[in-house]
Amino acid sequence: METAIFYIAALVAALATLRVVTHVNASHALIYLVVSLLAVAVIFFLLGAPFAAALEVVVYAGAIVVLFLFVVMMLNLGRTSVERERGWLRPGMWIGPAVLAAVLLVSFVFVFWGTDAKTSGEMVGPRAVGIALFGPYIIAVELAGFLLLAALVGAWHLGRRYLEERRGADDFPEEDASPDEAAPEASAEGNA
Amino acid sequence: MLILPVAVGTLVAALFLVWWERRLLGWWQDRLGPNRVGWFGVMQAVADAIKLLTKDDWVPPFGDRAFFVLAPAVVAGAMLMALAVIPFAPDWWIVDVNIALLWFLAMSSLAVYGVLLAGFASNNKYALLGSLRAAAQMVTYEVFMGLSIMGVVIHAGSFSLVDIVEAQDDLWFVVPQFVGFLIFMIAGLAESHRLPFDLPEAEHELTAGFHTEYSGMKFGLIMAAEYVALIVTSCMIALLFFGGWKVPAFLGFLDFLPPVFWFGAKVFVFINFFILLRAAIPRPRYDQLMGYGWKLLLPLSLVNLLVTGALSL
Amino acid sequence: MPVAVPIEHVLALAGLLFLLGLIGVLVRRNVMFLLMSLEVMMNAASLAFVAAGARWAAPDGQIMFMFILALAAAEVAVALGIVVQLARRFESLDVDNADEMYG
Amino acid sequence: MDLLWLVPAAPLVGFLILFVLHDYLPKVVAAVVGAGSVGVSALAALLVGMDYYEAGAEPTWQLLWTWMSVAGFDPAIRLYLDGLALAMTGVITGVGFLIHVYATGYMWNDHEEPEGYARFFAYMNLFVFAMLMLVLGDNLLVLFLGWEGVGLCSYLLIGFYHRDPANGYAARKAFVVTRVGDTFMALGLFLMFRELGTIEIQQSLTLANEQWSGGDTTMALIIGLLLLGGAVGKSAQVPLQTWLPDAMAGPTPVSALIHAATMVTAGVYLIARMHDIFLISPEAQLAVAVVGLATLFIASFTALVQTDIKRVLAFSTMSQIGYMFFALGVGAWSAAIFHLMTHAFFKALLFLSAGSVILALHHEQDIFKMGGLWRKLPIPFASMLIGSICLAALPFTSGFFSKDVIMLTAFEHASHGLVFWGGAAIAAFMTALYTTRMMIIVFFGEERSEAHDSSRLNMWGPLLVLCALSLLGGWFGFGVVADVLPDGGLGEFSHFSAVALVTMAMPFLGIFVGWLVFGRRVIDVEALAASKAGNALKRFFFGGWGFDWLYDNAVVRPVMWVARINKGDIVDWIYRITVAVTRGAHHVGSLTQSGRLRWYAANMAFGLALFFLIVLGVIG
């Protein structure tokens, strides 16, 4: 019964992912992505990785894709963008990448098919993961922390308004940053 | 096989909570509240339900039909799914998984989608703004919610809710984890976007926020989901911090009452407390809410986690 | 509850998802879809890792998954910031607009 | 004894506080931290010293931590305390503390560098720390660390008034010239490590005695000469002495602490610390004596014609350190350290009183613009007078005790006794002469300037203490250093002899001649100086016997010339070609950079597919 669930989840994941790639409506594609992620979470659970499954839902589906949806809503990609998307996706474009992917998939499967190995079917719980994470992998955890900090700073910088204002000023944004131009603005603000 | 009783029971409880909340609010605010239908207006809830069921189920033609239908189901479904892991008494649970706590977090994070999709599908600027707010608010407070209960996990050494309750034999976790309890309560309030944190539907700013366009039973589902969320949050507080079904030590002479009674009593206390909060505290501004989260709760919960971890080494 | 399935089935699924993501990256011009496809690819990679971990009943696969998660979170935070800037600057999400940095 | 770590730690903490917070600290706090940390250090040194003597004066170690551990080479940060280190530590922390206290007043209203108060004390504290590591370190690596540390602080403090490029130049000069010596020293240390296989000082000395004593002493000679090279650079001896007069560009407390009392005596310490090497190789020891005597001679003549009060003192310092080297060279080891100590007292006193004079005259340093100041500046006058009689070594002052021992030991030197003694005696005469000249010109005669003595307790307090130390230091000081080093037989010159009498008479003679010439003007000095030969001699002396001129022409100008004609940098051409090739390749490569993300991804995927197919043997 559980094995059947695995194959069903795999099928769901594959189909949902296919729709993610081919859909023209960004928000619908995102919901398909969530479905795909949930299916993968089920697979994780069945493979004996409940902690990974939970994180897949909490972080991936619950936070990362929500951010996507957030941006899609913020940019308000409505019907016009669907039409434009249709215009961008000419059927001929799919041929090259599909052939390339097929070659890769075939050679990839060819390499490991028939190994006869099975997954262990054992549960590796959060405790084991935590112990390994803060034992041998502690350096990597620190590095991941640094990465997230860097991303935080980067996102903060990118989200600031002035990048947008510089665009409006003229076509040569780098000149905008010079202090002699910044000064009159400041004084004008002071007067106001 | 408790699935059906729990699901139906919770929905009915949610229905009557609407009436109870209105009565309580009326009492606290020195007015009457619903008192005409049935005894003390009890049947008002039933009347409301009948009204919602028979109302015209309108779908806006300018919106995204699929999402519009899907959204209430996601909201209510996620909350009902969260109920699956809650143990009401010894051996009274639908399922006990060793990651029950994570399951609860996962479901509460999936509930975001319902709100987001509802607002997005309505294609209405108030709804859109409401769901944007909801997304940011819920993603933000999910972080502290997760962090705040990690202290409990450290104490109990397990993600299983049954284990956590069993670990509170001697001492309720509200004592060593008081900060965690506060943060969890605030985050739970924000997660279920109830007053005072109901910014996604702040009625004097956004009409009715993300569910402006909803009516009929879809609206009913959203409403029900809100009350289910309230129940689930109260259940979690009772389980994580107040010893679940265990008899309070100072009421030890009453231990002939069944465990489920104690669980129910605790949940009821917290539900009433949340209703009291609604009556007592005004709604903050949106930026205040977010700043409060990131600048106060995040450091606080991190410190709490650090201290807990250091002390339990 | 965990099941023992042939590892090559899981890996084949991972490969399939990865290549679907790759096709998405190669075909889509909308930067949002590009990023989604990237997420798909990363998710496929983490599936392969978790499968490998499950093969030996070791936690390492899940740990790699968590690092991929951290990576994905960092990537999304920055990438979505760039998307917003891109949308404001070019009033379009066509990634080919941002080809000014050639040569 | 457990407090030993605190001795260097206190100034280090002081430095860190001042360095990190220098912009945020009020002046008062900076002063308290700056002087207080050294005060704590001095107190700790005092306690450590008392413990040391109570415990029977046995050398002790204190391990702080292991610096690194690489393939069996594991130098430790370990402190070593014996009599020599204790004497040095006492001088550094004690005199250092007094100078710090003085500096809190001296630098208070500094008009040139008003923002630099905390920075000044940060550098000073760092200096004290480095100097303490130098004398307390038990291995050559820590010693070298301290050695370079004091060099750095010297550089920073000479250039403290960095707004004037001349000061920066002086700092650079000091840095580069001492670096020449340091290179010698580093080579010597490397050689020792290679030959003896250890960097711990005591162990290496024992090994050196075992390996070379009585046998082939060539290696000891080479090492000795290389170490001497380092000592010469740091202690401003001939021929690397030219930086010290220019180093007077720094604030006066710096001159007192670094360029008179402590850092410049590091060379003396080094040779004393390594005395076993010099005992093995008498040739090397003789070289030390010759260097010392030459410096002594040259510097005392030069001091006679200087017009800048601080330069007079600088040359005097040079000559006094020459005495110490000379003492080391003739085998009066303890006397050298004794003289180091007494010199630290009275030279610090002289510099600080000179500083008071300079401050009272609004940073006027030319002695010919002073005069008749004794009435207006009684405290600086009194303290400077005491410092001067110590410097001139009048009987029963501290300078007398140390210098006398040195000269009498020199007289008993096996081979060149008379020459050595004679040279030293002439230099003693010259010392008294130039000291008298300075005192008379500065404090007597007609008044030539306005002076306002505005010194407070924190300035004249240290002067008072130093006066006492200078006058009385000779009585107790020798006991402190007597057993430090192996010379034996010191203090046995008490028999009255003609030599001793002449030695004792020399300062009186010098003062008398000085009084005749500069006070009573029996000889018209100006006329003498104006004559052709006299003028030439004066300029020769004034320029420090032409060393600066020599180095300028022999080293600086050729280097500058080479640098000028090699402006294009011939070696750079190799790299420029590399750059050009890289750039061309880059241009070719950049053609593939369309800036289109999907193009790159497609290329990557295509390459991957190709790779897979090749690996699987489908193609190729």
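Some points to look at:
We call the chains A, B, C and D, going by the order they appear; numbering starts again at 1 in every chain.
Quick note on the criterion: a contact is a pair of C-beta atoms (placed from the backbone, for glycine too) under 8 Å apart; a residue touches a chain by one contact, two chains touch by 3 or more.
Quick caveat: nothing in here was measured; it's all calculated off a predicted structure.
Distance from chain D peaks, on a Cα-centroid basis, for B. Across the two candidate interfaces, A-D and A-C, the one carrying more C-beta contacts is A-C.
Note: centroid distance chain A to chain D, computed from Cα atoms, is 64 Å.
Each chain gets a centre from the mean of its Cα atoms; for chain A and chain C, those two points are 6 Å apart.
Between chain B and chain C, the centres computed from C-alpha atoms are 33 Å apart. Annotation: 76 Å between the Cα-based centres of chain B and chain D. Chain contacts: chain C has residues 22, 26-27, 29 touching two or more partner chains. Counting partner chains per residue, chain A has residues 51, 55, 63, 67, 74, 96-97, 100-101, 104, 108 touching two or more of them.
Chain D has residues 602, 605 in contact with two or more other chains.
Pairs of chains in mutual contact: A-B, A-C, A-D, C-D. Of all residues in chain A, only 27-28, 31, 34, 50-51, 53-55, 57-58, 61-63, 66-67, 69-70, 73-74, 76, 78, 125-126 touch chain B in the complex they form.
Across the complex, chain D meets chain A through its residues 602, 605-606, 608-609, 612-613, 616, 618. Of all the residues in chain C, the ones that touch chain A in their complex are 1-13, 15-17, 19-24, 26-30, 32-33, 35-37, 39-40, 43, 46-47, 50-51, 53-63, 65-67, 69-78, 80-85, 87-89, 93-94.
Every residue of chain B that touches chain A in the complex is listed here, in rising order: 64, 66-67, 70, 97-99, 102-103, 105-106, 109-110, 112-113, 116-117, 119-120, 123, 128, 131-132, 135-136, 139, 142, 146, 159.
Those residues of chain A lying in contact with chain D across their complex are 96-97, 100-101, 103-104, 107-108, 110-111.
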